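Okay, so chain A shows up in both of these, paired with chain B first and chain C after.
Then we have the complex of A and B:
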């Protein structure tokens, strides 16, 4: 639980310039992760650094009403669950764990009218899971780190 | 690959690491540590390991610096050693 700083310039720069552009850059790294360097892990770390920056300057109770820690724990479990389900579904079709070639993605290609191989689709699903998991766990790490030290000071 | 630039980056890497170990102000040490991570990321990008360089720049220079600033803001700023 970090306190809120007093500087108006700091609040303006962080809220208007830094956090939106860091989140935008994280989304770019995430979406282009298949073709260029990047991917779920790096994008999750970048977006988590934006959220931690907001908590550090604006104060935890002002910056975290939409992503409080108790929701982020569910979100981290959800990210790991996406990864595990994407690995388990091929096992029901007779393939190995995380064998994306046998993922049933024909229905998605019919809906989107866009051909995408089952392997690329499986990698993308795993990237989504890794992104959500890394982002949530890094913000949870910051929250619990500051919470424990603040409680130790109050004693 | 330009070997003069690589040599300069390696020398800067060692100098910045020694600064991060020796300085008393913890925020200055953290800034030197972030610069160390960024120079290491530049060296990795010069070795055409761009994916590793992006990980080093986002984790070493990004989230580690922010987390350590959060840690420093909860304690005294100067080290006593």
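Then we have the complex of A and C:
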């Protein structure tokens, strides 16, 4: 629980410029993970830094309605679950665990009219899981490290 | 005792400097570390995965189990922080 800072200029700069830019940059790092240095871990840390910045300046009460802590716990489990389930799906097609060659991604190539191998798709799905997991775990850590007593705060 | 430790460390530093002369050059393609799996990863990434970033291919595909473990480690760290600090809500005294 971080207090809201008093400065209006700080609020304006953070809300209008910094947080959107950092989230966009995180999305860029994530989407370009297959083309250039980047990926789920890095993008998760960058996007989490944007949320921590919002919580630091706007205060946790004002910044957290979009991503409250109780949802983030579900989100972290969901991210790890994407990875685990993406590894288990090939087992239903007779392949080994995490063998992306057997992922059923042909329909996506037909829709997008753009050829991507099943293993490239598997890498992307797994990176989505890593991104969601790292992002939500980092924000959970910030929220709980700044937690205060609800009652008896003054003693 | 202090001098003995110093002499021990200096002798080890000398040993490491002496041995480092025999290490392969940085980026040497014929170094033992680059001869076995690295060439295979580079070839398979171009042939089977068809993405330009070999690091991502190794991280998420060839070493998929490793990355799964890393993700679970981070998740477990978050759960540990949550479980330790959440007890701050209630005080029994």
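Points to keep in mind about this one:
To be clear about the criterion, the second predicted complex is superposed on the first by the 147 of 155 C-alpha atoms of A that agree within 3 Å, B and C clash if a C-alpha of one lies under 4 Å from a C-alpha of the other, contacts with A are read in each partner's own complex, and residues count from 1 in each chain.
Keep in mind that, in the parts below, a residue touches a chain if its C-beta (ideal position, glycine included) is under 8 Å from a C-beta of that chain, and two chains touch if they have at least 3 such contacts.
These numbers come from a predicted model, not from an experiment.
Between chain B and chain C, it is C that contacts the larger number of residues in chain A. Of the two partner chains placed by the overlay, chain B and chain C both lie in contact with A:145. Once chain A of one complex is fitted onto chain A of the other, the partner contacts of A:34 are limited to chain C, with no touch recorded for chain B. By the touch criterion defined above, A:89 reaches neither chain B nor chain C. With both structures placed on the common chain, the touch criterion links A:103 to neither chain B nor chain C.
Contacts of A:119 after superposition: chain C is touched, whereas chain B is not reached.
When the shared chain is aligned, chain B comes close enough to touch A:49, but chain C does not. With both structures placed on the common chain, the touch criterion links A:2 to chain B but leaves chain C unconnected. With the contact threshold set out at the top, residues 37-39, 41, 138, 141, 145, 149-150 of chain A are in contact with chain B in one structure and with chain C in the other. Partner chain B is touched in their complex by these residues of chain A: 2, 29, 37-39, 41-42, 45-46, 48-49, 52-53, 56, 138, 141-142, 145-146, 149-150, 153. If you check the complex, the residues on chain A that touch chain C are 33-39, 41, 73, 76-77, 79-80, 83-84, 87, 98, 100-101, 116-117, 119-120, 122-123, 126-127, 129-130, 133-134, 136-138, 140-141, 144-145, 147-150, 152. Those residues of chain C whose C-beta lies close enough to touch chain A in the complex are 48-53, 55-57, 59-61, 64-65, 67-68, 70-72, 74-75, 77-78, 81-82, 85-86, 88-89, 91. Put simply, chain B touches chain A in their complex at residues 50-51, 53-55, 58-59, 62-63, 66-67, 69-71, 73-75.
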